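Think of it as A, B, C, D and E in the order they're written, each chain with its own count starting at 1.
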Amino acid sequence: RKVDISPNALLPYLGKNSVSWMDVQGLGSEEVLREVGTIFDLHPLLLEDIVNVPQRPKLDEYKDKLMFIAHMVRRHDGVDGFVTEQVSFILGKNYLVTFQEEELEDCFDLVRERIRNNQGKVRQSKADYLAYLLLDSLIDGYFPILEHYEERIEVLEEKIISEPDRKIMQEIYSIRRELLALRRLLWPLRNVLNLMIRDDHDLLTQEVQIYFRDCYDHVIQILDILEAYRELASSLMDAYMSSVGNKMNEIMKFLTVFTAIFNPLTFIAGVYGMNFENMPELKWSWAYFACLGVMFSIASIMIFLFWKKGWFKTTYSLDEE
Amino acid sequence: RKVDISPNALLPYLGKNSVSWMDVQGLGSEEVLREVGTIFDLHPLLLEDIVNVPQRPKLDEYKDKLMFIAHMVRRHDGVDGFVTEQVSFILGKNYLVTFQEEELEDCFDLVRERIRNNQGKVRQSKADYLAYLLLDSLIDGYFPILEHYEERIEVLEEKIISEPDRKIMQEIYSIRRELLALRRLLWPLRNVLNLMIRDDHDLLTQEVQIYFRDCYDHVIQILDILEAYRELASSLMDAYMSSVGNKMNEIMKFLTVFTAIFNPLTFIAGVYGMNFENMPELKWSWAYFACLGVMFSIASIMIFLFWKKGWFKTTYSLDEE
Amino acid sequence: RKVDISPNALLPYLGKNSVSWMDVQGLGSEEVLREVGTIFDLHPLLLEDIVNVPQRPKLDEYKDKLMFIAHMVRRHDGVDGFVTEQVSFILGKNYLVTFQEEELEDCFDLVRERIRNNQGKVRQSKADYLAYLLLDSLIDGYFPILEHYEERIEVLEEKIISEPDRKIMQEIYSIRRELLALRRLLWPLRNVLNLMIRDDHDLLTQEVQIYFRDCYDHVIQILDILEAYRELASSLMDAYMSSVGNKMNEIMKFLTVFTAIFNPLTFIAGVYGMNFENMPELKWSWAYFACLGVMFSIASIMIFLFWKKGWFKTTYSLDEE
Amino acid sequence: RKVDISPNALLPYLGKNSVSWMDVQGLGSEEVLREVGTIFDLHPLLLEDIVNVPQRPKLDEYKDKLMFIAHMVRRHDGVDGFVTEQVSFILGKNYLVTFQEEELEDCFDLVRERIRNNQGKVRQSKADYLAYLLLDSLIDGYFPILEHYEERIEVLEEKIISEPDRKIMQEIYSIRRELLALRRLLWPLRNVLNLMIRDDHDLLTQEVQIYFRDCYDHVIQILDILEAYRELASSLMDAYMSSVGNKMNEIMKFLTVFTAIFNPLTFIAGVYGMNFENMPELKWSWAYFACLGVMFSIASIMIFLFWKKGWFKTTYSLDEE
Amino acid sequence: RKVDISPNALLPYLGKNSVSWMDVQGLGSEEVLREVGTIFDLHPLLLEDIVNVPQRPKLDEYKDKLMFIAHMVRRHDGVDGFVTEQVSFILGKNYLVTFQEEELEDCFDLVRERIRNNQGKVRQSKADYLAYLLLDSLIDGYFPILEHYEERIEVLEEKIISEPDRKIMQEIYSIRRELLALRRLLWPLRNVLNLMIRDDHDLLTQEVQIYFRDCYDHVIQILDILEAYRELASSLMDAYMSSVGNKMNEIMKFLTVFTAIFNPLTFIAGVYGMNFENMPELKWSWAYFACLGVMFSIASIMIFLFWKKGWFKTTYSLDEE
């Protein structure tokens, strides 16, 4: 059950032995933040990082608390790409405070459900296990985004072969830019998780560090896939460029065929259109038909030569493929 | 002799001093997996990794067992490319459990043969040597794939010179994508093996670590070759692009030759087709023949100039080469 | 309140317990520099680094002082790009000396304001906190520059799609060159800050090192964004190149359409312009109109074929998009 | 003096205090290899590495011996490129065994000469010095190969400017592929040598390690040059591509000049070839000559405009340069 | 004062407490080198490195001496590029021996001057300070070379925009090759200096190491600039390529404009040049003028359409820009 409470109403819970999770949604109210800051004794620089979004994912260790920043990603309905939301975690001995930019809350809902239903071992565990659960569901949110890009790349692969138009270039550029943005979120997150599982932290039990190692493996996997997509996008650009060049060749062949066939014919017609008085051929009664015959032969030979060079075939296969 | 047994039927063997190898083929039955999980006391995260294929190759160390994931690769008959199958190894003191995605089992068959025939020293060795044998045969399965790509690259090299058509671009793109996928399987495997031979593990005797060092060398060698192929594929793309540009030049030369020869001739024919009353040349009886002679000279000179510029030669060598 | 004083006038303040900040603006007067050098006992190499601008950002540690160099960046009004100004910091136990190239002083003004108004904790802190404040405001000066480049890249993205002209190439080149220059300022600064927060320094209290860690995070963030922009600029170049190729295709199609439609028509007109005596068609009274009809049909068929090939559509979408 | 002896005949020498060098040429006879294996007590994996050529250069340390693999390179007469031959070294306390793929033996002949003539200090030294001598002569064999590539790159540089034909592309591609192959031989060799000079080895005296450091320096130098050549080859590809584009521009200019000059003239001729009854100009006696004059003027103006645009100059410089 | 003395004549000075500097210019005389070798007790490998130029910069440490190699660079008068000369330093307790390839000696002359005039603290210092002075003047010699390349790149930037001709490609290629050569001299030099300032050396006092740190900073700065130039050169190549493509578009537009305007006109003229008996238009007295009018209208419409498409504007701006 979710209620809006003021930060101070939380105070009595903190002294207890149980684990308290406070989820601050929306960073608008400065007053609330200051209140939270005083309750949990947060460093002013830390509060600044929470408010000045977007921050790079990072891990800051303080005497009795651990602060880390990660980013939720979410697909916009119908539109390509994704939106991000910064989530700041403050992990204390028996409490966890999370700050979200907005009040939309999809990817943490599953965890809330499990707490309410007393599912899994979350109720029996400490605050660090709760932090893992939230971070894990946050990281799992990246996989649908990856699939989204896989699909877009596959669509492009087919389009480049069948109909290489200008929109492909824009699309490749967008993909490159968005994958770049994703990587900027994940590289530092990888470092955060690496620090979490490498060093000894008073607030992270060794048992939970195994779980964070699992998170770390997921982030590495996502980064691997991202790098592969980035290389694919760059290969796609190469493929598109050569595809543009190929199309130009096809157009040029078309132009050349027309020019090469009609230029000689028009020239012959021009010759017998000259007005010299003494042009014996003009008077022969079968000359006109012979002339037409010659023209036809030239055209046929030309077409045959181009056909042998394979120019027609390629032109066709362009449309059929 | 291969029989289908239920996991629990294995229990009596585990207590013995001998080495037991259990090969779970197909990850469909959740019940079997849970049973195996309880027999060997597997961490829930570990079971998750086994089932959620594909995972990145990785090494997880637990108190009394070592878990690592690798990927079999296999050529599809007739089709380019390869298919992968995740194999998860769980190495205990006197047992080895392997999980395969499917029931097809080529690359482990050789090892099975050796066990049945009591060949080599597998029967005298511990579970770690068995793990080495399986991993080694799995890694050896990468070499035919490499040869497959070597062949494809060689075919492309020749094609780019002789007949640079559009399919080359697609083929280069496919090769790049597939080599990328191969690298994603092998880089983490290299790290897994590096961890295995670097650190001390209770479950790996130093004698067997020498064998794993051999596996490591093979993976490094495969990665070396992969990187070289990736660079070659990228050079091929460059070569193909310049080849497209060259072809365009040939087409343009062809077009230009036709235009440059017939444009002046058609113009001359046009001049003497004009209907001015006072055109003295028209009345000279030899004028028509002189005109044809001039036309012929112009055409000859043009052809000679183009020949000197080497335009015909290159056009020909395009077809001959 | 700002006054111009000679360096020697500062001497009495240095003995005191308070913190003195001396800001040398303009490096023109050699005499002043020598005076400062003797007062603060500066190594000759150090003085050389201050005067020979531009130096790479660096940190030099001396027995009783810390010297580091950073660079202010500032937007020129109306012009693209930025100007830099080297700032050298010399941090002693109870004094801070800064050297600026010029007398313009925007980005430090805020700090001066805070000192004068006794805002924040600057008055209660040591010289190291003052150094942090100045460095922080210097680094914050990079963010408007980043925004400036973000805007320019966005403008280019749109232009490449709508009207790819030659100026785009120049603009991309300028952006690449300027981002390169920015990176050359920031990479070494990152190292400087890394050294500051890693090692123990007598002159930096641990409390202030937390603040410098914040500076370090900002520099890392700026570098992250820079790298992303550099990759975007390079992708833009690719997009522009393929855009040039696309435009060429459009022009070629246009040319080909005209050639392919009028070449056959002109040929037919040429045929019936021939002067053979025996050309039966010429005498038929409806022949002229039939001929025009045939010409019209040929043109229609051609246009229909090109329309089916999608050549007109693409030509249009070029202008509309 | 070189004799063919069976491996067992070597046995009596091994016990002595002197240094024995056994050079196994040709890996064909399995029996000989097994014999050598038992005499020197070689690990089966080690023997496998010797026989399964090509292996990556590597260093394997065993209790009483050091095994390393390197590759000889040799120029084929008349053909571009190079051939490699794997050489495996097994260095024991007082013996050195080398395995070569074939019986051709150029690059070791110098060392043999020195041993026979008792030149240098090879006879006074241990087996490790002999190993150095052989490895050094092997590495020196790379320098002629480098010179070979330097020459080929220089030839290409000139060709790209003077006559950019299709063979250049193939040649650049070949160079890139072969340099890649060279690098694959040398990078691991560098690591082998690094291990040799870094760590303490019982079998390498410190005095001889200085000599191996010299080998290491040579390999680094060769790798440096290789990297430079690889970048040059890639720059050459860029230069060639832009050269192809330039050539296209030249051809296009040529085509455009012809079209732009003759299209207007042919049109004028066409106008006065029309058969309208009322065309007053046709009756003027000087009209024909005026018409020719106008045509001549138009052609002259066109040529002048193109000349001013610099189109003729560039066309010429293409042939002259 | 400079005199040519034989190496042996130096012997009496070495025993003294003062610092001796011996500068061997020209490596031709083998005898002199052998003499020097025996006086200073040089390892044969070391002497080999001195003679076999060019060597990679490197630092070799021996018991009582330090040997390092660096490279002087110098501009050739009038010609682009630079020439290098290897300088080998042998630093002993109270002596410094330098070996230069040739007898030209610009960049050390300043140091000689200072010694003769007893300027600075060189006379009061040890051999290591002298080594610093020489190395510093050697490194300072790189800055004019950098400026030379900065100028060349700036000239290219302007040329690519105003008149992109074929020589630009060659020039960019040369710059890339020469910057590559420079980098090959400086990267190892950076490592040499890093080793000098990192480790403890008996022959380098800590006071002088501060000076070498300054050298190190300079080399880093030069390398920074070099990398930036290399990236700029590569961007320039991109810019040039797209510039070639743009030029092609301009030429194509020109060609298309001519074709599109005159093809329809020539066709109309052809139609009324046909000899059909029944062509009613031919008899109308105003038909010829109407026909000319129609032709004029078509041409005007065409020109208007091209003008609206912006084809003329771009053509112009090509020449003006």
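In the analysis below, contacts are C-beta pairs under 8 Å (C-beta built on N, C-alpha and C of every residue); 3 or more make two chains touch, one makes a residue touch a chain.
Here the structure is a predicted model, which is why all the values come from computation and not from measurement.
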Where chain C and chain D overlap in contact partners, by chain label: E
Topological distance between chain A and chain D, in contact steps: 2
Copies chain B and chain C - rotation angle from C-alpha fit, nearest 5 degrees: 145
Residue-number overlap at the chain A/chain B interface, same or different (half cut): different
Inter-centroid spacing, chain E versus chain A (mean Cα positions, whole Å): 39
Length of the line joining the C-alpha centres of chain B and chain D, rounded to whole Å: 24
For chain A, residues contacting two or more additional chains: 241, 245, 248, 252, 255, 259, 263, 266, 270, 273-275, 279
Contact graph of the chains (line, ring, star, complete, other): ring
Going round from chain C, first to chain E: chain order: C, E, D, B, A
For the chain D and chain B complex, residues of the former touching the latter: 43, 45, 55-56, 58, 60, 165-166, 169-170, 172-173, 176-177, 180-181, 184, 188, 237, 240-241, 244-245, 247-248, 251-252, 254-255, 258-259, 261-263, 265-266, 269-270, 272-275, 279, 281-288, 291-292, 295, 319
Chain E - residues contacting chain C, complex: 157, 161, 210-211, 213-214, 217, 220-221, 224-225, 228, 231-232, 235-236, 238-239, 241-243, 245-246, 248-249, 252-253, 255-256, 259-260, 263-264, 266-267, 270-271, 273-279, 309, 314, 317-318, 321
